[in-house]
Amino acid sequence: MERRKVGILGATGMVGQRFIQLLSNHPWFEIAWLAASDRSAGKTYGDACRWKLDTPLPKHIAAMTMQPNVPEGTVGELPKIIFAALDADIARELEPKFAAVGCAVISNSSAFRMTPDVPLVVPEVNADHLALIEAQASRRENGGKGGYIVTNPNCSAIGLVMALKPLEERFGIESLFVSTMQAVSGAGYPGVPSLDIMGNVVPFIKNEEEKMQEEVGKLLGRLDGRKIEMLDAKVSAHCNRVPVEDGHTECVSIKLRKKATREEILAAWNEFLPLQGQHLPTAPSQPVEYDDGVDRPQPRLDKMRGNGMAATVGRLRECSLLDWKFVVLSHNTIRGAAGAAVLNAEVLALLGKLDKLDVAVTPAVAVMA
Amino acid sequence: MERRKVGILGATGMVGQRFIQLLSNHPWFEIAWLAASDRSAGKTYGDACRWKLDTPLPKHIAAMTMQPNVPEGTVGELPKIIFAALDADIARELEPKFAAVGCAVISNSSAFRMTPDVPLVVPEVNADHLALIEAQASRRENGGKGGYIVTNPNCSAIGLVMALKPLEERFGIESLFVSTMQAVSGAGYPGVPSLDIMGNVVPFIKNEEEKMQEEVGKLLGRLDGRKIEMLDAKVSAHCNRVPVEDGHTECVSIKLRKKATREEILAAWNEFLPLQGQHLPTAPSQPVEYDDGVDRPQPRLDKMRGNGMAATVGRLRECSLLDWKFVVLSHNTIRGAAGAAVLNAEVLALLGKLDKLDVAVTPAVAVMA
Amino acid sequence: MERRKVGILGATGMVGQRFIQLLSNHPWFEIAWLAASDRSAGKTYGDACRWKLDTPLPKHIAAMTMQPNVPEGTVGELPKIIFAALDADIARELEPKFAAVGCAVISNSSAFRMTPDVPLVVPEVNADHLALIEAQASRRENGGKGGYIVTNPNCSAIGLVMALKPLEERFGIESLFVSTMQAVSGAGYPGVPSLDIMGNVVPFIKNEEEKMQEEVGKLLGRLDGRKIEMLDAKVSAHCNRVPVEDGHTECVSIKLRKKATREEILAAWNEFLPLQGQHLPTAPSQPVEYDDGVDRPQPRLDKMRGNGMAATVGRLRECSLLDWKFVVLSHNTIRGAAGAAVLNAEVLALLGKLDKLDVAVTPAVAVMA
Amino acid sequence: MERRKVGILGATGMVGQRFIQLLSNHPWFEIAWLAASDRSAGKTYGDACRWKLDTPLPKHIAAMTMQPNVPEGTVGELPKIIFAALDADIARELEPKFAAVGCAVISNSSAFRMTPDVPLVVPEVNADHLALIEAQASRRENGGKGGYIVTNPNCSAIGLVMALKPLEERFGIESLFVSTMQAVSGAGYPGVPSLDIMGNVVPFIKNEEEKMQEEVGKLLGRLDGRKIEMLDAKVSAHCNRVPVEDGHTECVSIKLRKKATREEILAAWNEFLPLQGQHLPTAPSQPVEYDDGVDRPQPRLDKMRGNGMAATVGRLRECSLLDWKFVVLSHNTIRGAAGAAVLNAEVLALLGKLDKLDVAVTPAVAVMA
């Protein structure tokens, strides 16, 4: 089977590097186009990027020439599938341009997550929301063949909703409290200064509590025709940065609509296998893993479960205020960012939403280098 | 004014070292006796202890000879005031022996905190509970001149109750969540292995959630004759260890019995000056300091406020589930342990409870070394 | 091809866990026997061990029953090949027992490294020294079929000698300085207390400087019949512990016997491929990788090169005192410990030294569990 | 005694903050003027600065208005004494302007350290070099009353030369090797990204090895009329960044011109009291403290000795290549930066070099705020 060509927008940042890592040996996708800021265009990726991962930068990727970060002017063909790892402000400007020329934009940015006709999706949780793309103007106005934008949630929301979804399905969620301890890689590079975080805790991440609260509502919401009816539950988030490299740990207290026993909750997590049998390359075999160790999950030990795509849950115990307490952990730049987007793309492929894209843009004459 | 002689039981551990640091230049107290485990007796303190603080070990303390860790056999006179920094199991055995011979035992251990006739006290919060000592058998049976045990709370509970007390007084507390990020020094030395905590979070501290929940109830409870009526509020705690050396950070959501505005809450904290005018050497001038920085309090920057004795509060904002959210931080081995005990002793001195102690124990003949 | 059965002695410690990790999918070896301390015998490995690696403990290993840590009493058959990850004192007692009954003991301990008839080997550096085993009594007295002990060097010496060997071969080494910054995993578990190392440097590791200095001499020494003639070079080591989880970084200044240009040195490293073509599963394809980044090598980015088996060198520059300066880094528990031993075993297999072992020991009746 | 008014140029950076901390209660100096970048002028210091120290920012300093960072335009009077904590490029432009109008510029920058007529001084080491200021044009051309620039060395060189000076005096230094482990605060704020240094070592600091090597030569050089004759010794430095907040640790091997015993070396350090009896407020009573613990000095435990102004030495032992090995540690932003400059100013005051300065600059009309 021939692999589909894909591009990466924002390829030099922390999430961009994870895209490279996850896609450079992907069985369905092939990296064919890389772009970052204006000043990187024309350089090789190896020169434009300070590679910060502990697996080597593949040589053929290092040698690729960076393209302009707009649809026009690409040397060669613009891929139909664009993974985007841009800051929100830049995403707001650039992503629609790619959708407008016909690309499927698989975005990790917060820019359009709460836009009504943009699906905010974690495939195990709400793959049905992907139908929203048909409501996007770029798609409607092109006879259903136009481009679109699909988003995944904030790194702190993904692990949480994976743990919540099986509980919502079986028991209903009335309210919850979540207190996070988030890794520094979530702030990108250079990101958090070492003097701010070594041996320290910073009990604030800009806009993070707001994002978690509203994204949970949309992710667990119900698709009603062409719009999402938000989950009717109260969510209160406290977000903290801690001196951890990768892996967000979250303490959760939850009140369910229908009482559940410990065994019923464990069963809900254990039997939560919504993508089973689909053979998606990036999907973990057990999306929510419960670890019964007294002191688990921990970022250092558990973040790489399911190749970094599983959420690990532990310490289920009664809450003296709501019903139950537990801890959930997930890898923030794999499951919580690049891996989430790649899995979104795999589901879109499965649904045939990557097949009929009709990208129309005049490439540049190859004079750049 | 002559300084009162005091002893330190468990003098070589992390909290014991803080006792040395806080008491070696204390205007009211003078370190006259040191003890730790059996095997340290007879050694000098300098040889028995691996000093881990960043201020120098005073030379005259280093030269002191360690005594047996029981009342009997002391070379010279046993002080009437014993600060105790022992593990709970050992405290349960040793502290009553010192009380029985007539000493005021100012304990940092958890062993007797929840014992009905033992006061669990933070002077700013519930100094009136100290009256409980008169209910202790060793005291009653000696015409009110006998020894007694006084305790301070767990390091994770102290900062919290300091922030809560002004709110309880003015508005009443109905329920609260607290999620902690606790420093490694709270586990003593050697304590937490570096491989467990470097770049990691451990979402579990043995018995800590239980202690926080019950101690808050007693500390904010009401003295009713010779017993404490526990606070009638639901408290749900999530306790975590993070790679921070000193300073416990806690995220709190709270529901009040009477609605309060932001200004009323800030005023409650700001005007909380219960020890004002008493001139206690260790009491911070402002026990609860509110910092209006967006990202405060932080352990690295705020733990030493009030010489490590203040609780710093920040990020007061509305909670979508309960009423208000905030963050509180305090130094876990000063305010949360040794400093708390020293302040308890200062209040006992002020109340005259250190004056009439009648210690009867036969000292050893000085043949030990 | 059938895999050879192997045992792991000291299987629950940090290096023991790395043995499990490296051997549980090994194409030539199969884990058939596990032992640790007396008190673990009879438990399952899962119960006896606190697994600290970030890859999952394989389920079939977790279910294995721990055996006694002596040759006698094994339930079933004692494997002929024993990987040993014991503290020196225990190794001194136990390893000879296994050699005496006929086992090939592939040891990571320091106990016998400097014993004249025990080979101290890094296969890329001095595989020829393995001939020393024929001088061991247990081997001689059994017609060349008896057991033996083979050792690998200290974790701080391995990366260094890999970088030195190509220089010694081509130019000769007259003297060198090395200053190390060593990871905490080198001290095992629980090992270094977090209060000692978080945000700190400890400029001392017991016996480490002595070990580095003498082991380098033996490793780069010349096999002369049945003994090693030590390298005639002055080596001065400064050893430090730093808050790094895995990966030892070493700053080296070196004086060569024959002057060499930068290009000649780079060529020596680049062309150092002594195991090329042997198809050893654990051997890295490029044992010494030179990285020309200005700030490399770094533990976080480079420790996993060659699956943790390569030494990365960088910053080659002139020294104002000796001739050249450079930095070398290697993974201390893979290349520097368990991986080194596994590679030793692979070379022994290649040389036929694992074939004719004649292990004689009466197994226990299976009543243990 | 009235305190002399001083200004701080670069007052908002890490070293600038240390200047505030050290000078805000100084018995001889009074902070009267603060400046940083152009965009901070007109703001209060509290608004212009992100205070990163763990002692509170004094309220009267927080309220001060930032001035332009040039001599002209100051609201009120420009102080005669300017402490400067600027990046080298900016220092190169701004410091001479202040010297030109008559100020004594006490600089921490590297810009003019190696300029022949600028003294590079550590008072305990080479206070006599301060005579060089009379050779500066701004001073010569104003009848010995003009302004001048005085510098202190790089943070990595200061502790080293303090340990070396007593050895140079008594035995002579022929050559030395030094390998550093430097704290992140040495790179300023935001400085080192947390993703680069958490759990990592970076074996490179730009220009640091060159600075150490040449500054040691000048500091231990001999004043010969109006120029410094550099020390004739070979110095080879390896510089590394480690995850430590404050405190540079350095491993040294040294060859002396005259053989010395261990006792002679310890005596040289112990008896090194060049400023004794001068009553300088910032001078440590024992500039070089030897600690005989096996694992000392350590940044966490020893950096604050002598209020952060002492160098701690430990682990003196024989070197198998040169003569002796030892470890030296000093606080990089106190002894290694701001404290060094303050001590330079104190010595200048003692020498009368702050008395006759004749500063001529037209202040601005006070319309700024």
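Observations on the model:
In this document, chain identifiers A, B, C and D correspond to the written order of the chains, with residue numbering beginning at 1 in each.
By our rule, a contact is a pair of C-beta atoms (placed from the backbone, for glycine too) under 8 Å apart; a residue touches a chain by one contact, two chains touch by 3 or more.
If you're wondering where the values come from, they're calculated on a predicted model, not measured in any experiment.
Listed by label, the chains touching chain B and chain D alike are A, C. Taking each chain's centre as the mean of its C-alpha atoms, the one that lies farthest from the centre of chain B is C.
More C-beta pairs touch across one of A-C and A-D than the other; that pair is A-D.
Chain B has its Cα centroid 45 Å from the Cα centroid of chain A. For the pair chain A and chain D, the distance between C-alpha centroids works out to 48 Å. Computed centre separation for the pair chain A/chain C is 41 angstrom, with centres defined by C-alpha atoms.
Of all residues in chain D, those that touch two or more other chains are 52, 198-199, 243, 245, 300-301. By the touch criterion stated above, chain C contacts chain B in their complex at residues 14, 52, 184-185, 189-199, 243, 245.
Chain contact summary for the complex, chain A toward chain B: residues 175-177, 179, 181, 199-204, 213, 234-236, 238, 240, 242-245, 249, 251, 253, 294-301, 314-315, 319-322, 325, 327.
By the touch criterion stated above, chain A contacts chain C in their complex at residues 51-56, 198-199, 300-305.
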